[in-house]
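The same subunit A turns up in both complexes below, where it pairs with subunit B and then with subunit C.
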Partner chain A sequence: MNHEGTDMENGVMIVDDNEHIRQSVQMICEFEELNLVCAASGEECLEHLQAGFRGVILMDIMMPEMDGWQTIREIVERGLYSGNLILMLTGMGQPDSRMDGLQEYVTDYLTKPFGPDQLVDALKYYLKLVQA
Partner chain B sequence: MSIKTNKIANATLSAALVIVICLTITTELVLKQVRTEETQEAAEVQDHALKLFWKLYRAKGTSWSVQGRDLMMGSYRASGNQEVPDRVRAITGSTASVFLDDTRVATNVFYPGGRRALGTRMPATIYHSVVVKGKPFRGESLVLGEKFLCAYEPIRDRHGNVIGALAVGERAGNYLAAYRRTALRIRAINAVLTCIFILCAFLLLAERKRAQDGTQKQLDFLQVIIDAIPAPIFYKDAAGIYLGFNKVYEEYIGLTREQMLGKSVFDLWSRDAAEIFHTMDQQLFTAPGVQTYETSAVRHSDGTRHSVIMNKATFHNPNGSLGGLVGVMLDITERKKAEEETRNAYRKLADILEFLPDPTFVVDQEHRVIAWNLAIEELTGVGKEQILGNGNYAYAVPFYGVRRKMLIDLLEDPPEAQESWYAGITSNGKTLSAEACLGLHRGERYLWSAASPLYDLQGNLVGGIQTVRDVTEVRLAEQERHRLEMQLKHSNMIESLLTQLSHDLRTPLTPLFALLPMVRRHVQDPKLERMVAMCEDSVQQIQGLTVKALDLVRLSGAQAVPDLGPVPLAGIARVSLHGCAAQFEQRGVTCLNEIDPQLAVFGQPEQLALLFDNLLSNAARYAAEHGYVRIRANLGEETVTVAVHDDGLGLEPVHCELIFREFFKVDAARHDTKTQGLGLPICRTIVMNHQGRIWAESPGLNQGTTIFFTLKAAKA
Partner chain C sequence: MKAKNIVVIGVSTGGPMTLKTLFSELPPLDAAFLVVLHITPEMDFRIAQGIAASASMPAELARDAEFMKAGHIYLAPGGYHLKVEGNHRFALYTGPRVNYVQPSVDVTMFSFTRQSAGQLIGVILTGMGRDGALGLKHMKDIGATTIAQDQKSSVIYGMPKAALETGAVDYVLPPLGIAAKLVELLGRR
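Let's look at the complex of A and B:
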């Protein structure tokens, strides 16, 4: 678990099993001075949320053990969704069958690979939205 | 037995009767002779006594006369004088009487009390003969109630008038005693013999009656027996006259016994039937023995004509002469119907076999071909006239070129023997099946065969049937299907691989995509900046490849054929045009969307959007600088033909088809890192998914290119 900022509210959480992607997002967020929390798995994401994280969650779909959709289901079931927006990171650019009934909890999709500007624009936009 | 008994009885009775009659006649004749002799002897004795009687009176006088109431001989008064009669009796032992007229006047005949029978009268018949007519009398006469053999002679006076009579007599019993005893004995013997004969005759008659009763019982029993026989039976005499029947025959013909007895065939049957029966009867009588024939001329009591088998045989009288015939009718109407039905069924079966679509042949127990249908004639080129009746594996020649065993010949063989002829032979119950690839007159064919034994109703093996099915097309289709399945499997594997690769590439591309622009912004050295820019360009190319490759794989996959619906064509093109606007602007290319807004096609919107994206992106890239791109669509009868024309690079004729191949790039585009050579293949795949056609036309290099494609028209 990597707590990169002390502000557990209005932050950004990247949930991805790929370390390079987590670090890339982390570097861009540092440039843009955005608070970022990294989670290498769905379980870590849940732990951060239970610890009080609230903000924009960048959620990778394809992860070992608990994938993105299962993680969202757990978030909802454990009552941790409130105060968060979820952006799904997808390689296909297409939703799949596992998202049945969970789309309403996904605010937007961000297709891999994404450029820094695309990421920063999206994060800033949704951070404002989540703060509102 | 009865006949023999009757003969014996008749003969015995006749003999007995003859014997009795002969015996009676003989004995009567003998007795008559004895009696005659006895009577003659008595007559002689009487004559002697009578002569003595006359002599004794003549010694008293010369003539007879009646004086007063006395009879006189000369002077000797005969009346009341017993001297002479007593003298006659003393000498001859005979009774002697003297009659005056009819009255006994002197006699030695005594009443039982010892008084002389004087005054008794002469019998009237004797009186009439002797006194009235004057004739002597010899014969029997009753004297005092006792039978006497008498001799009377008239007494005449000197005038010759009969005035009385002299009579002598002997008790009949004295003279006929021997005769009577003999007669009694003989008659007694006769009576006994007659009784014996009568008894014998009675016994014989009783035996005859018993025999007749037995015969009748036998006849009754025989009638019961033949009545019990369920087949109509009749018998006739040698003249063809009906003598008898059983009940079934009566019921069968519908006539009573009384109506038929004594009749001929012409009385009972129709003319045609009678002619047949009469002719056949005559033949049988001419050559006695057994006769069997079939006829359909028999009229049943229900009025219908029946088919029967007539079984007739002659019989002979005890004397060996022809007695007549006995016949049994076996009704085969139902059997004939069944045979007809069987024939019809066989004919139908033969027709079915003949027109079976599967080549089929049938062999008998000796493996000779007995059926060879049209389909097998067509398959082998061998007509049934060439093969029917042939054995010795002749049917294998059209298939194998040589005489050899086929499936139909292996039905009784053990499995290992079957395997030696056909690899992969299988059996299902009694049916064998196998497949072989054979060179026939029509070329190499895959033939599947099945053979089964044929049994009769008793379960005896009577032959076999083999069906040959040309499965060449099926096998070739299976091979093609297998090839396609393998190809599909391969394609699926590639699709899966490409999909996974495309997806997995995105993950490592993400840090590059995200960080390279950041790096470039913070690099101060122009060389390093160019290096980073090159890296960014390569990453863009990899990204483009992954996207296009994924698109292509997705469009080519099994799920790619879309559900088609009406799509407004101009709108789709407009959206794509908007997406490519930056590319057009960058090169100063004008794009003219000249599609009629009313036009619609059957399509899948996402795929059609991708189609226009790729075509317009391509056109924007290869149109002349500051040139134009024009999109047009023509509505045909059922299709809409869309043309995307640019005025740029153009194509050599040989490239018009090649550009739709994956990763093909014309020379001018070969080093363009922004293209992947997958845009037009994607377009071709989309059009094919819509059952359309796509092609390229170009007058030549630098003369522009037009890409055409067709889609099914729909109402907007």
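Let's look at the complex of A and C:
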């Protein structure tokens, strides 16, 4: 778990058990000079939020133990959603019924593989919104 | 000025970027725009500011008892259902979630009634689930023109697909096509 920058606000958090995805997002964010926090699991995501992270969260759906939907439910139930905005990362074409009741907390979807330009456009737009 | 033409837009996941694309293409039009986006109270004013930053018309959160004005964009606030009384006045209330959400697109669209003058237009954009499908059919039944986003441009082709399946959709278009259609239907101010 990368603790660097866990106290920052208006950053980006990538939550994905796939190291390759985390590294790809890290490279893009470094190039664009966006502050990034990496979490390899839903638990790590919750730890970063409890440590004060606020910003845009890129959330993988398919993760072992706590998947993306369970993680979002925990974020909401623990009162950690405020000040954040969640974009789901998925390799699937369509979400399933586990999203019912969570629509209001999932602002957008990025389908893997996503291009750097698509990711940067989304991050810059949504970072502006969370900073408003 | 009281709005004679009204555009109601229902949208969920993928909505902010889609709304940005749509409104950045629209010139000021002789209509009030009411957007019902599945959003939380924590984010609603930020989304409204995001729309305002990209639109040629002012955008703001809808307030209880407020009258819709032409040339304005209103966003339904998070945590409330929004009905429109007499097709012109906002009424916010809390109640059971409808289609798992609050605000619900269906609630807002079902609150409209047939009007003798002016145009009603209903639009369903990207989103998970079926919210807005029956509402859009209701709008069609009371004389509205109806539009659904196409599959290719939808981040999630749930709500537009459900709307299309009701048989009540007049036009299936991508966001830029929807913008062009709205200009065609409403004319510039």
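One rule holds in what follows: the second predicted complex is superposed on the first by the 127 of 132 C-alpha atoms of A that agree within 3 Å, B and C clash if a C-alpha of one lies under 4 Å from a C-alpha of the other, contacts with A are read in each partner's own complex, and residues count from 1 in each chain.
Here is the rule we go by: a contact is a pair of C-beta atoms (placed from the backbone, for glycine too) under 8 Å apart; a residue touches a chain by one contact, two chains touch by 3 or more.
Computed from a prediction, not measured in an experiment: that's the story for all the values here.
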Open item on the list: A:Val25 in the overlay: touching subunit B, subunit C, both, or neither? Say first, second, both or neither.
Closed with: first
- [ ] Based on the superposed arrangement, let me know which partner A:Val130 touches: subunit B (first), subunit C (second), both, or neither?
- [x] second
- [ ] Have a look and say if subunit B or subunit C is in touch with more residues of subunit A.
- [x] C
- [ ] Examine A:Tyr105 and indicate which partner it touches, taking first as subunit B and second as subunit C; both and neither are also allowed.
- [x] second
TODO: Could you tell me if A:Gly91 is touching subunit B, subunit C, both of them or neither one (first, second, both, neither)?
DONE: first
- [ ] Using the touch definition from the top, say if A:Ser82 reaches subunit B (first), subunit C (second), both or neither.
- [x] second
Open item on the list: Just checking: does A:Pro113 make contact with subunit B only, subunit C only, both, or neither of them? Give me first, second, both or neither.
Closed with: first
Task: Contact residues of subunit A, present in both the subunit B and the subunit C interface - done: none
Task: Residues of subunit A defined as touching subunit C within the complex - done: 81-83, 85, 88, 94-95, 99-101, 103-109, 121-122, 125-126, 128-130, 132
TODO: Under the touch definition given earlier, write down the residues of subunit A that touch subunit B in their complex.
DONE: 18, 20-21, 23-25, 27-28, 31, 62, 91-92, 111-117, 119
Open item on the list: List the residues on subunit C that touch subunit A in their complex, please.
Closed with: 12-17, 20, 38-40, 42-43, 45-47, 49-50, 53, 78, 97, 100-102, 127-129, 155-158
Task: Residue ranges of subunit B in contact with subunit A within the complex - done: 502-504, 506-515, 517-518, 539, 543, 550
